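What follows is a pair of complexes built around chain A, which joins chain B in one and chain C in the other.
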Partner chain A sequence: MTTAPAQAGWRFRQPSVIPGFGLTLGFSLAYLTLIILIPLSGLLWRSAALGWPEFWAIATDRRTINALRISFGTAFVAAAVNVVFGTLVAWVLVRYRFPGRRIVDAMVDLPFALPTAVAGIALTTLYAPNGWIGKLLMPLGIKVAYTPLGIVIALIFIGLPFVVRTVQPIMEEIDKEVEEAAATLGANRFQIITRILFPGLAPAIVTGFALAFARGVGEYGSVIFIAGNLPYKSEIAPLLIVIRLEEYNYPAATAIAAIMLALSFIMLLVVNLAQSWSRKRYG
Partner chain B sequence: MEVRVANVRKEFDRFPALHDVSLDIKSGELIALLGPSGSGKTTLLRLIAGLERPTRGKIFFGDEDASHKSIQERNVGFVFQHYALFRHMTVADNIGFGLKVRHGPSRPPAQEIRRRASELLDLVQLSGLEKRYPAQLSGGQRQRVALARAMAIEPKVLLLDEPFGALDAQVRRELRRWLREIHDATGHTTVFVTHDQEEALELADRVVVMSQGRIEQVGTADDIYDTPNSPFVYGFIGESSSLPVKVENGEIWLADRPIGIAAPNEPSGDATLYFRPHDVELLDGCSGCIAGTVAASRRVAGTRRVELEIGGERQRVEIELPVDHPAAQKSRVAFRPGRWKLFPAA
Partner chain C sequence: MADPEIKSYEPHHESQSAAVTESRPARLALMAVAFAFLGIFLLLPLIIVFNEAFAKGIGAYTEALGNPDTRSAIRLTLLVAAISVPLNIVFGISAAWAIAKFEFKGKAFLTTLIDLPFSVSPVISGLVYVLLFGAQGLLGTWLKAHGIVILFAVPGIVLATIFVTFPFVARELIPLMQEQGNGDEEAALSLGANGWQTFWYVTLPNVKWGLLYGVLLCNARAMGEFGAVSVVSGHIRGLTNTMPLHVEILYNEYNAVGAFAVASLLAGLALVTLVLKTLLEMRYGAEIAATRGH
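Up next is the complex of A and B:
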């Protein structure tokens, strides 16, 4: 609250009482290079082995485009759903005290811990046309398993903790007095939520959305069981990469991967820029 | 707007925070609720605002019973100790918020809201800061914005909860004077909570001294300081010294000796004598006085504070002497309190 506005310009080194700036920065860079930078540049280098026309041919292949559209589309829808319900879950956990609250709180993390294949198999069993939930939806003409809808459901499951865990701490920090101030000024419950609480939470919600979305785009394990994997219909991009690998078609696999990488990077960059803009403004 | 608190009791989880409190606040008055932490002063303020509901009793705004009105309907301006500004809004948007959330014809047009916001900014001497965000203001400036925001809705009552508590001493003194000026200019009925007696005595028309969920005394600064009506008020407001004494035949006795003060109207029996350390008369000889050996002596600003041990019980009392008074050098000092008060021993 009392932080001064950020100083203009960059400074290479922040004065600090803790020594070891050179060591820690050096280690961080070496570590990130080994873990992230080298594998990713290897990927780009491999796909660069393709000529531009071949790369373009793979990128504009209808199967590739559909797979990318399904991956990004379902991840987007799932992240959007998680934003709404994840925020709601965080609200319930932060604002109310009820028996079993700690258990519910711990349950939120289960999708982090559970092997994704287990989640995929469990969801498929439930939502298959003869499963508990699938049986109920079938007469309504809603088919979940083996359709993009199934992918969305798997990604909602996987992405929920990302939203809850980013929004929850910010929500806990909300000053009760700010709400009371709004109430004394005549704002009703709805106005307090939309005009006071939500703008305060928006940066955290955007971060949660970005994380859930990024996780959803890359998710493989849980999706392949429920998706049915029909080319052009419910085949996700990571699966297409695996298929190309099994065909020993490495250039095609790396080309699709490079496209995914570029799209994800652009999206996360935009989200981050939006974040830092709002942080600079509201402190 | 007059505010009347009638026999209000408030419990939190069965624990009483206020016992049967009644208070009349006149229209246009500036009133301070003063007390130590846990005395219930903030609870009383929040009850008036509607941020809490009384367990029993009623609160009237004018002749209207406001006890069951919601916070929104009460139309009070509330200023919090830690400002509680909306940090994602500019200063102007903060001030205009109360008008913007109104519905229908009572909501002024956007241009009118802007005009009122900058008018209020002039009043709180922050002209030109409309476009700033709260994070870009100092503590004192934030509290001024908070006050402007509270006044924007033309409240019936202005309530301030330790408004200067988070500010440093100099800003505090400055804002104190400034609040008085604003109050005199706008004439809002104003109630503020403080634990700083200097603030309360200097600023308020009347001071309400509270302790342990009860009102101990209500009065002007003079009433409270010169004629405290309970040992608590005597001890809490200003400096005080006390001695256990006995009243017999209209005379005050300390152990086995009269101290030379007649108390014809006091009932006989054990009592506690209260007096102000600076309000004593020093004596040379001692036939009817309080005498003691000097145990400690400190220089406090323009005076010298001397601690005396008195009698066989070695009761300690403090008195104040002029810095260059010879008595400060002596090992024994005799004095008699000027203005004093007796309270029956508990």
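Up next is the complex of A and C:
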């Protein structure tokens, strides 16, 4: 592994006086292969072994389709909400000075640090019909807990830091002189924000959306408590995998997992394309 | 930033600064919306955890935590973290050394692979081990013949936890060590230090705060992981129940005080993590890589 092929043009690695390349790369690759790659390829192998007719039957099962639609749909809505409010929160944190800013800034990472099961039972208790927030929404006829709306709420909680932490550093780097130049040239605040600030932030916002969306699609712990988990109505795809596993229906669990991985992969590609497009367009 | 410069050639500085920020009412309105959003979505869930945990007084709270099943869940969570976090530290340091200190083909691809567990649903992270080690799994019959139990036991829980916390240390150290370059190490080596000495006395002190930062996040996730562990644990009370799984069991039994009492410990862990993380960022911001979050 350490000895690079001796051809003049192509080298596996650049020469270096620092030792330990073989040891560290070898250990890292072995660990990565054992923990991540072999188990994941086991999943692909098992779903490939299913055969097309069986795979197709599972994939087009109405319950599977509904679960996937609910997972991707609620994750999309939650990520969209987070784009709006996450960008706003980032703006307030970057541009305004107020007492306790450091604490508010630290709080944004709470969803990263708080175990998802804790978030799940806390949100469910808040939004249940007799909960602090549920009680206020009840007279308005809005039911949150045990409906798809509850899933959205949980995914907003989970996804918020992804948007804020992606947009915030780019906002900090914005050169105020450009804004000042625009202002001296007669642009009003609205024009400056839409024509000058937003284009610079667009790639970061797209990335933040994608990260929040991807996390939301796979999220399990915070959702299952608040969702109500009614098949066809509020049952998310990861939960359906768990249910199939508990029924010892390994083929179905495997197929749904493979579909989720494939859809996430396609989404990642689309987002990468969108990013390079927005960089070209605005960059 | 470049404020003094601007002042020197801009006579109408006052009106100018008004043009590059919002009017006062707009500012206050934006801040009010942001605070309301954060209050409802972040602060209230945190408050309700402690509110429910102490809803029936301190006596009920301590009694809930004294329960033997709760005790064993706490012990298991500590044990799992004590195994999986050090393993991921060794991997993270090793991967960062190979990736940051050397130039080799396929480096970008390797870095992408390391981040892979973050883009996989926790449930799928658990599922892959069920497919491998379960009774119908690829290795299931072999394991059974040799009397090795991985699934629905501690080894399975540890493996699933390692999977989901895999990238934390590595992704913190790689950009940091890349930024620091090889100069210090090359100097140490040229002065006669061997590889291990260079690592212990030069590299490790250089990255210690970044490493601590990564370990902090890794540990928080290891102790709080729910989905992946739920799939491989089998939910055997007193045996394979971690704290987050125990929260679920108690909650589903309508034991709100018990569920929230255990949840309050996990929320306390989250708060301690956030405080330490913020302190690290404030004091050693320059020595921790620019990649934040996750």
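Note that in this section the second predicted complex is superposed on the first by the 237 of 283 C-alpha atoms of A that agree within 3 Å, B and C clash if a C-alpha of one lies under 4 Å from a C-alpha of the other, contacts with A are read in each partner's own complex, and residues count from 1 in each chain.
Assume a residue touches a chain if its C-beta (ideal position, glycine included) is under 8 Å from a C-beta of that chain, and two chains touch if they have at least 3 such contacts.
What you are looking at is a predicted structure, and each value in this text was computed from that prediction instead of being measured.
S.K.: Using the superposition on chain A described above, determine whether A:Glu177 touches chain B (first), chain C (second), both, or neither.
M.R.: Touch status of A:Glu177: both partners.
S.K.: Which holds for A:Val89: it touches chain B only (first), chain C only (second), both, or neither?
M.R.: Second partner only, chain C.
S.K.: With both complexes superposed on chain A, which partner does A:Leu230 reach: first (chain B), second (chain C), both or neither?
M.R.: After superposing on A, A:Leu230 lies clear of both chain B and chain C.
S.K.: In the overlay, answer first, second, both or neither for which of chain B and chain C A:Val270 touches.
M.R.: So A:Val270 meets neither chain B nor chain C here.
S.K.: Looking at the overlay, does A:Ile142 come into contact with chain B only (first), chain C only (second), both, or neither?
M.R.: In the superposed model, A:Ile142 contacts neither chain B nor chain C.
S.K.: Using the superposition on chain A described above, determine whether A:Pro199 touches chain B (first), chain C (second), both, or neither.
M.R.: So A:Pro199 only meets chain B here.
S.K.: Specify the partner with more touching residues on chain A, choosing between chain B and chain C.
M.R.: Counting residues of chain A touched by each partner, the higher count goes to C.
S.K.: Could you tell me which stretches of chain A are touched by chain B in one complex and by chain C in the other?
M.R.: Correct list for chain A: 177, 180, 183-184.
S.K.: Residue numbers of chain A touching chain B in their complex, please.
M.R.: 1, 3, 5, 175, 177-178, 180-188, 191, 195-196, 199-200, 281-283
S.K.: Would you mind writing out the residues of chain A in touch with chain C in their complex?
M.R.: 11-14, 16-21, 23-25, 27-29, 31-32, 35-40, 42-43, 45-46, 85, 88-89, 91-92, 95-96, 98, 102, 104-119, 121-123, 125-126, 132-133, 153, 156-157, 160-162, 165-166, 169, 176-177, 179-180, 183-184, 189, 192, 214, 217-221, 225, 238-239, 241-242, 245, 248, 250, 253-254, 257, 260-261, 264, 268
S.K.: Show which residues of chain C lie in contact with chain A when the two form their complex.
M.R.: 1-2, 6, 10, 16, 19-23, 27, 30-31, 33-35, 37-38, 40-46, 48-49, 52, 90-91, 94-95, 97-98, 101-105, 110, 113-114, 116-117, 119-124, 127-132, 134, 136, 138, 159, 162-163, 166, 182, 185-186, 189-190, 194-195, 198-199, 217, 220, 223-227, 230-231, 243-245, 247-248, 251, 256, 259-260, 263, 266-267, 269-271, 273-275, 277-278, 282, 290, 292-294
S.K.: Spell out the part of chain B that touches chain A in their complex, as residue ranges.
M.R.: For this pair, the touching residues of chain B are 49-51, 71-72, 74-78, 80, 82, 84-88, 97-98, 101-102, 133-136, 146, 149-150, 152-153.
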